[in-house]
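Chain IDs A, B, C and D follow the sequence of writing; residue 1 opens each chain.
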Amino acid sequence: MTQINNIGLFTSGGDAPGMNAAIRAVVRTATYYNLQVTGIRRGYEGMINGEIFPMDGKSVANIIQRGGTILKTARSEQFRTPEGRKIAYEQLQKHGIDALVAIGGDGTFTGARAFGAEYDIPIVGLPGTIDNDLIGTDFTIGYDTAINTVIDAVDKIRDTAESHDRVFIVEVMGRDSGLIALRTGIASGAEAIVIPETETDLNALCNRLEHGRKDKSSKIVLVAEGDNAGGAFEIGRHIKERFPHYDTRVSILGHIQRGGRPSCMDRVLASRIGVAAVEALRNGHRNEMIGIIHNELSYTPFEHAIKHNVEINPNFLKIVEILSI
Amino acid sequence: MTQINNIGLFTSGGDAPGMNAAIRAVVRTATYYNLQVTGIRRGYEGMINGEIFPMDGKSVANIIQRGGTILKTARSEQFRTPEGRKIAYEQLQKHGIDALVAIGGDGTFTGARAFGAEYDIPIVGLPGTIDNDLIGTDFTIGYDTAINTVIDAVDKIRDTAESHDRVFIVEVMGRDSGLIALRTGIASGAEAIVIPETETDLNALCNRLEHGRKDKSSKIVLVAEGDNAGGAFEIGRHIKERFPHYDTRVSILGHIQRGGRPSCMDRVLASRIGVAAVEALRNGHRNEMIGIIHNELSYTPFEHAIKHNVEINPNFLKIVEILSI
Amino acid sequence: MTQINNIGLFTSGGDAPGMNAAIRAVVRTATYYNLQVTGIRRGYEGMINGEIFPMDGKSVANIIQRGGTILKTARSEQFRTPEGRKIAYEQLQKHGIDALVAIGGDGTFTGARAFGAEYDIPIVGLPGTIDNDLIGTDFTIGYDTAINTVIDAVDKIRDTAESHDRVFIVEVMGRDSGLIALRTGIASGAEAIVIPETETDLNALCNRLEHGRKDKSSKIVLVAEGDNAGGAFEIGRHIKERFPHYDTRVSILGHIQRGGRPSCMDRVLASRIGVAAVEALRNGHRNEMIGIIHNELSYTPFEHAIKHNVEINPNFLKIVEILSI
Amino acid sequence: MTQINNIGLFTSGGDAPGMNAAIRAVVRTATYYNLQVTGIRRGYEGMINGEIFPMDGKSVANIIQRGGTILKTARSEQFRTPEGRKIAYEQLQKHGIDALVAIGGDGTFTGARAFGAEYDIPIVGLPGTIDNDLIGTDFTIGYDTAINTVIDAVDKIRDTAESHDRVFIVEVMGRDSGLIALRTGIASGAEAIVIPETETDLNALCNRLEHGRKDKSSKIVLVAEGDNAGGAFEIGRHIKERFPHYDTRVSILGHIQRGGRPSCMDRVLASRIGVAAVEALRNGHRNEMIGIIHNELSYTPFEHAIKHNVEINPNFLKIVEILSI
């Protein structure tokens, strides 16, 4: 068992609901094992700037249900440079921090990997991003909440689409990944889903809208923002051109997808891997992201976690095709 | 008491949560008084096209909690012409309809007024619009739900704004009226509110953002879509220009504001005035919108209801100024 | 204008959603007018015990959307005695507090009235209670949120009632008042409402259930806890006895009605009268509760506010009768 | 490939959110494969009584987001007898039904197993129950929604518990299983969880409440209804006796846990296995429940699915212990 005394804890990258639950779990687990925890505000940027302060069980009271992150988050240009990382390491030493828990996504772990290669400090990561685009965990913290936020919004849009017999093009987050669009498309009964992982054929999409059930007056197309067809507005334009008699509207759901009270599953996931993060550091793990695969804890080296080739289950696309009849 | 036998019922214009509760109330009250009710789909357009069908208590079972309108709604160019209205009247006669309840907003009552002037058929209106921009009622059906939807969304945006120290420009509905922006701005703790009723000075707005409490890292500006400053994107551009170091984002809430389960107050309002509509027709009212002012039923001639000069309570703007300290 | 320098602020009695919005409004308005604000925890009990601390704009950051009260609340036996009130007054003097804002209900204002009669300190009250049972305001802070929580719960119960063809007796809060039951009964489409303000005839209630529309398989009866018929369990027992073939269930909604994010209207109400409370003290008001009647600020002496004879609008009962056809 | 022409579809046992999404998926998939679907109302009881009617794609429009089951559900004493099952089979023959999809839980599959043993009709089952207590699937349809409903309620209760420094004993569903209590206990930050799978020591529970962090004024104990300690009221009594100075309250969440709009994950699960059910029948499966294990379709013979020995992950109990520090 490695001798760890003081764990530095931070969130980085885009915030995600459930990050606070993870923070709470890390702090309380450290307390349980008689370790100190030191909070670092604004991710790597705050590490460099010395926004560093002691935490205890009370610091995380009554936050499990809150969206966002009490540690705040930021992107850091400085940390991309060796000079920046050097200052960061000096700050950690100054505050007696001898291990790190990083909560974030792709960029967070890219930074952690570089840092861990240069300095002898154990780092473990927790996957916190609504995009679910990391290798090494079935789900990332925040994904389940985000997809519930999306279907809540699309249910509302369906009300007005039905009332007006409209076609709605709804854009959801996912710059590199259609994972949000895919599950929410199935769950909201979308007529079609447009994602970056598959080539989008706008004419085929229009044919699909045209030849659906005749008594269906409203139609919803769910689009991931990173799709190659040009985003919701471009798709909307194409549909309007081909079907001028349709009452076609575009809705960009935007930042509401990042906030809100975390779902039960996100809180449970965050709690489980938050506990595991501290235990992993005690057991000598380093440079790994901790996730849950098939309901078991899983440890993935940072370099694998960020490879970004999460695959789309082709059955899901088939399901959309079958169910939108 | 006027002899009414068969009430035609329709929704028109933009849909609003609570319209179904109003439909239910009209149908059940008519049944209670042994009157027939005939549903008309898609507003004036369906009236002209003969989308007309009998309704009874069962037709409106289990709809009180549903957003949208089961009678659907549409805009009708034809009904703006005397020829269109003539066909509509013939359809009503053909189906034995001898009175009308119209649920909608400004455009709906403009049509009703013209129709009532040309043909001898009693019409009463119920205010159904999320905009709350009608004279003759404290609140319109749908407004309370819409403002709750907005603050739910802004609460989520605040989570991410706080986590990232961002400035968010959030655009809400209200082409001619700042009533949605005003109450939701107070309720979401916005730093500033931009509405069409007052001249917008973008420099003053920027000063306000600059000189607020220094420890406040996130700021929210709530903008009504009809504002003269050019909408949320234009305002966002201006802020970015003046404060390039701010992380400024724009979010257009869009159509989610129209849908969703109606709030308790919207259901109660819709139920009360739905009952009153049938009783008003029985008592000889015509060409009037029925609303509630100071908790009492109120009857306003259509020509007054649509005058669109709902005033902004200046105290509300003062409250925003005080509370965003 | 009375010279006020330091306002003591506390919440007392049952908590209600929106109390935090009121606290925020009082603190920020005081700051706006360059007054000090001193928080008192746990109501009168904390006043006696000296749980007193300075507040500023930052103390109330990011609380407008949170249920409960950050100042906590408690009941105080000691404050009912002259000795207790003497200690309380000495504490206020010790902390330099020269005016009070009390947020709460009936018991809170009863205490405030006694205190204001014995000591020369101006006190104004804000109505914070989910029960809406105070004279001097159309709505109390928390009522609108509570009724939305109730209909959300009853909508869920309706899902399962419909699926199983069940009769549900749902008990809501309201020891002395049927105001919660009345509006939520209309809004949830209840077949019957049982409230303390009217004599309950269980046989008539059963007849009503028996002779309703035949195709209606599920039925909901909404009961205020203070009803003389003995509460939901007793009513359930009676219905089971008379209709053993009904699948009758009882559900007590309980404390969920007190919590949750406040609705838009509750936040606006709390903000408006929170601002007004500070302005009222500056303008020499004392011993009055501040409310809003017909959209205007209203000032009611404590002795009138607590008279508890809020009347039930008889039309509401008629509406239930008509709409449950 | 077995020749199936007409699939009978029903829901049975306790209703669960997501059943409608499953119904929709079965109907649309059958339509996709050019099969007929026949709906059976009220489970086995309706099968015996001939409540049988044709369905098509339109029958299931706009139901994916609705709680409950449009096919209704009931318990059937008759079907437990060979005579009842004989009538049921004759009804199926009369309506030309040559395969069945049963959506429900333990009792549903017990019935299906008996029926399938006596008559030559292929039956597949879909796990629909909020309890998550079936072998053969990671999650049952309805569980995810139910646990979100619970934490939404407990979050509200926490607001009032915090404001009043109270101890709350909250009872959730789970007659034979602590699975709802376990995840919701972690997710709501409960101080302790009481479940039927482990022996409950009330004194140890009290010690735990007594020796927690001293600055924690509110405490929540989550109890599964089937616990051997006697339920929430009994536990509440015990705590009150030992700690008379605590302000201890009991809340039974009850039937709200069964209703409500299904979560995204429940809709996706229901859609996936709804599609799979029809494909399974086409591929010759029978007497099996279809679930998802480790994100793959899984087929479990009815006799195994109902064995009811779903195990509790002991790590979850450890997590509660660590995090409630």
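What to note about this one:
Just so it is clear, contacts are C-beta pairs under 8 Å (C-beta built on N, C-alpha and C of every residue); 3 or more make two chains touch, one makes a residue touch a chain.
The structure displayed is predicted, hence computed values, not measured ones.
Graph distance from chain A to chain C, where chains that touch are one step apart, equals 2. Taking each chain's centre as the mean of its C-alpha atoms, the one that lies farthest from the centre of chain D is B. Note on interfaces B-C and C-D: more C-beta pairs are in contact across B-C. More than half of the residue-numbered contact pairs at A-D reappear in one of the options A-B, C-D or B-C, namely B-C. Between chain B and chain D the centroid-to-centroid distance comes to 39 Å (mean Cα coordinates, whole Å). Centroids built from CA atoms put chain D at 35 Å from chain C.
Each chain gets a centre from the mean of its Cα atoms; for chain B and chain C, those two points are 28 Å apart. Shared interface positions of chain B, defined as residues touching 2 or more other chains, are 155, 158, 162.
In terms of which chains touch, the assembly is arranged as a closed ring, every chain touching its two neighbours and no others. By the definition of touch given earlier, these chain pairs are in contact: A-B, A-D, B-C, C-D. Per the touch definition, chain D reaches chain C in the complex via residues 11, 15, 17, 19, 42, 66-69, 72-74, 149, 153, 155-160, 162-165, 168, 217, 249, 251-256, 258-260. On the side of chain B, the complex with chain C involves touching residues 21, 24-25, 28-29, 31-32, 57-58, 61-62, 64-65, 138, 144, 147-148, 150-151, 155, 158, 162, 183-184, 186-189, 213, 215-216, 261, 263-265, 267-268, 271-272, 275, 294-295, 313, 315, 318-319, 322-323, 325.
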